[in-house]
Amino acid sequence: MTALLPQVLNLLLQFLDSFGFLILSAVGLAIIFGMMGVINLAHGEFITVGAYGTALSYHAGLPLVAAMVVGVATTTVFGLILEFTVVRRLYGRLLDSMVATWGISLIMIQGLRVVFGSSLDSIGTPLGNIQYGTFSYSTYRLLLAGASLALLGALYWMFTATEFGTRARATIQDEEMSRALGVDTNRMYLLTFGIGSALAGLTGALYAPTMTIVPGMGSTFLVEAFVTVVVGGASVLVGTTGAGVLLGAINALFSNLFGTFAGRMALLVTTILIIRILPQGITGLLNQIREEEA
Amino acid sequence: MASETTTGVERSTADAPDGPLTRVRDALEGPNTLGNSRAFWAAFVALVGFLFVYPMLRSTYYVNNTAFLLASAFLGLSLCLVWGYAGIFSFGQVAFYGVAGYTFGVVSINITGPLGTVAGLTVGVLVAAGFAFVIGYFMFYGGVSDVYVAIITLAVTLVLNTFMGQTAGEQWAVGTARLGGFNGMTEIPSLALGIGDTAIRVADVPFYYFVVGTLLVTYLGLRVLVNSDLGYVMVGIRENEERTELFGYDTRRVKLGTFTLGGALAGFGGIVYASWGNYIDPSVFGLTFAALPIIWVATGGRKWLSGAIIGTFVVTFISQKLSVFGGQFSQIILGALLLIVILGLPEGFVPQIHARLPWLLNRLPGGGDSS
Amino acid sequence: MTASETTTDVAGAALLRTEGLTKQFGGLMAVDDVDLRIESGDIRCLIGPNGAGKSTLLKLIVGQLEPSAGQVFYRGEDITDLSQHDRAREGLSMKFQVPAVYGDLSVRQNVHIPLQREVSRRDIDAEIDETLESFDLLDEAGTRADDLAHGQQQWLEIAMAAALDPDLLLLDEPAAGMSVQETERTAEYVHRLNDRGVTLLVIEHDIDFVRSIAQSVTVLHQGEVFAEGTIDEIEDDPEVRRIYLGEGH
Amino acid sequence: MTDTVLALDGIDVSYGSTPILRNIDLSIEAGETVGIMGRNGVGKTTLMKTVIGLLSPTEGTVTYQGEDVTDLPANRRARLGMGYIPQGRDVFPDLTVHQNVRMGRSISDHKSENLVDRVYEYFPRLDERRGQKAGTVSGGEQQMLAIGRALAGNPDLLLFDEPSEGIQPSIVQQITADIGRMSEELGVTVLFVEQNLRVIRELAERCYVIDNGRIETELGATDLEDEEAVANYLAV
């Protein structure tokens, strides 16, 4: 019994860490994909911009939290400009949107390298570690798991309880009707893309203290983000959360038993199996259940 | 734009109707390929002739480099077939490329001599095709649709990247072939064709001829394929899968077959690459490399074989020059190029040039054969 | 109809028969327990007010939708579980309500794709010409399908469906959006196909068009078969008149 | 000073290369309830979408309250006071009934007052279902909701596409009565499209008949009294 408890606790902490990472990686991508049908292959680089904004302003002397705010703001502005200049022309052209945002990603990675060099000084993870028996955990990473939950809560509130959220959801459900009721859907898309960008920036800001800050760091997030969005399906909140729980558990379990590498492999195998069984992801499953009840 | 997608094929040849030359042209020509005129074939023969004498004109260094540029076209063509013709947006053609390259390495290191490389070539292509078949089966028979295809194939590729990246240890060896982690697999032998002492080692100039020869065969073979009944079905699936299904075609099977063939072709490209550099490493499964064939094919014109080949050659050539002269801006220019093509010339530059060719030729002194 | 009859079907009976065919979308019964019977050689029209379930019924027959309940028999054989392409190979063909041509391909290529199932490579060019000729599209052979006028797109799709040499052809509003002259021409094509031995099931709103082609008419209302008979019987039926005027039953 | 709320002048509309509407002229005075009737597929819905701005005419002008709105997008027109109730209701299925009703408020941007609470007075059944997802209520309730949603914005012009389509006759009657009452009490101008004879006769003060994309004729109040004549424009 006494030997088992630390094991279970360790697994739980690993799950929280994994869940937090999946959710924070995916949520910006999920919003842009779920609401606008655009696949943003530069999502990883949006996260990078958030991390750069944070690190640069931190090194310039801002306190960490303020630096993070700068990181988020930078990414948001960046996203808004991109929507206005490029992404706007790609609505309804899903595959083209992937290719074009890929081009953007190439430009961004190399652009960051040209301007800021091959890496920035790291910030250093704050808040120290939690010690438990032989296990040691970064307090900050656990805090990130908490942040992902808070973020999901905030998004849930925004989409269900605010005027903006209602209009955003109405626009996805029936764009034409929304326009006929006075919703400026172009502006809606601009704002949605801005929110998706802000969330990516937030992810970058939050993970900036834990990582080496290099121009190509976005790719660390991209795979997890895609896998989570694919497994989750089109429903931004429910799908993404479900996928985060499922994949986080599998990742934690396999990482714990067989190492990080096995955890990543398990993630992919799960994804392939889920797509095979549920082409519409967890969202599709939920809709099916709802249909049958109706 | 409309002209090359629509005009029926004119079949005026000097040959008698039903003569062998007409039959060959019938098989090679059709609305699914660009270049269905005598002028095209004349230019084509001239180009092939030039490629054959090229090694006599330039040093081995240039010949080797041109061979590398041309060899990339196998990967471009595989994506063109899968994405451009059948509408399957595979983001993971490099997975088959890399898997075949590694397989070739493992087999040819373990079985020494020419037999090993021939076996490696065969096994490598088969493994790539088999891998594509398995993934394709999962996707198409599971009802996975366009974007999800892209994401799954990309994810598969990236996991291979992770997997191969952690194979640095001693225990990661197949026989005498060490996988080598991020440092890659080294000492992969060059291709040798034949058995024992009679075998020809394919390196440098012979390698160049090998690439030119196989590319020529591949291009003509694919021309026959895409202009065949099957090619029409592929194009039908790209344009409207549901409609094509209702004409009695099993679209899932056609997609699976096309995807498998695409995997084999990409695999062949990977083997040529591994044998050219005597080396392969996990970056062939990386995000950056995965996107390259998409850039080549999208830029040149994904719906046409010639667009894929020319796009691959031109973009690879430009990025080589850029990395020499453009230095750190090469990726930025490449990304901008891609953006410009998608926003400005969504069909690629080759069909654009092709459509304007008659106009250009007529501007030349003496006019020209405008077909 | 008793249970024993559902499993046995006499050879040489109806070309197409549906039994208790039902399709539910959420809470809506789009098609509700429909028994339809179409004899070989018929031209049957399917009419009914908006939302009566006509298009859904066609999609169930052709296999684009899966029924919630019921069966589809074709030449006495239960084809309910057959895939769309297998049904097409059995001789079932369809023209959609919104023309589903290959917009980016030429008219010639459009016809090539279905026709190559029936015709060898050697003869296909001549056969395409003949098919296009019979739908007065030969002059447009090189045009991109998206660039055709609306009426011509409709005819192209009929030509494509007919190129499969079907035994049963389903047409969803073939004359929608057409001028009077175009509608007349469409009726002529329908007759020509029927003369070639094709059985037709046609959804149509334009009653003059229905009159010009139909041998028999089925009225669908709220997913159910409401009435069946000749066009005259249907037109004189006060109940049918009432559902069209929206007064229910 | 003119009291013309809506005027269409020489409107042509096409889908791609297919002409749907040809040379449509009509005008509606403040407070009127005007019907447009015709059989299936003659372009009625296209006409409604052109008025609200979801489709653009290839020719002609749309004038609303004296202002040329031909080039304004639908969302701008809605905010000028056009309430649109589409065919098939098109409620937002995943939003609650109340959220759906509130979606209509933007229409009243130009006014001080919105009518969210009045909606529930007119349709007590919606009040009972406030918190329910709109996709789960019955067809008749969805129709009430679509009306309520447009009404919530206190519109000056109500555009109504086939109020009777796909609804039980008893509810059709009730909804018809509600529309009549609303137009009277709120002074809203109503333009509706319909092929249900009874609804047309009950609601319309006058009526345009369209066929084949053209206005065939206009029926005044006395013409509408002749049931047989009207039926002939509609029936099989």
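Points to keep in mind about this one:
By written order: A, B, C and D. Residues from 1 in each chain.
Note that in this section a residue touches a chain if its C-beta (ideal position, glycine included) is under 8 Å from a C-beta of that chain, and two chains touch if they have at least 3 such contacts.
The structure presented is a predicted model; accordingly, all values stated were derived computationally and were not measured.
Least step count on the touch graph, chain B to chain D: 2. Of the two chain pairs examined here, A-B and C-D, the one linked by more C-beta pairs in contact is A-B. In whole angstrom, the spacing between the mean C-alpha positions of chain A and chain B is 34.
Centre to centre, using the average C-alpha position, chain C and chain D are separated by 33 Å. For the pair chain A and chain D, the distance between C-alpha centroids works out to 43 Å.
Between the CA-based centres of chain A and chain C the separation comes to 48 Å, rounded to the whole angstrom. Of all residues in chain D, none touches two or more other chains. Residue positions of chain C touching 2 or more other chains, listed in rising order: 26-27.
In chain A, the residues that reach two or more other chains under the touch definition are 294. The residues of chain D lying in touch with chain C in their complex are 15-18, 20, 39-41, 88, 135, 138-139, 162, 164-166, 168-169, 172, 194-199, 212, 231, 234-236. Remark: chain A residues 39, 86, 89-90, 93-96, 98-100, 102-107, 109-111, 113-114, 219, 222-223, 226-227, 229-230, 261, 264-265, 268, 271-272, 275-277, 279 touch chain B in the complex. Across the complex, chain A meets chain D through its residues 163, 166-167, 169-170, 173-174, 176-185, 294. Those residues of chain D lying in contact with chain A across their complex are 52-54, 73-75, 78-79, 84, 86, 90, 92-95, 99, 102-104, 106-107, 109, 136, 149-150, 153.
Across the interface of their complex, chain A is touched by residues 89, 91, 138-139, 142-148, 150-152, 154-156, 158-159, 162-163, 166, 287-288, 291, 294-295, 298, 328-332, 334-339, 342-343, 346 of chain B.
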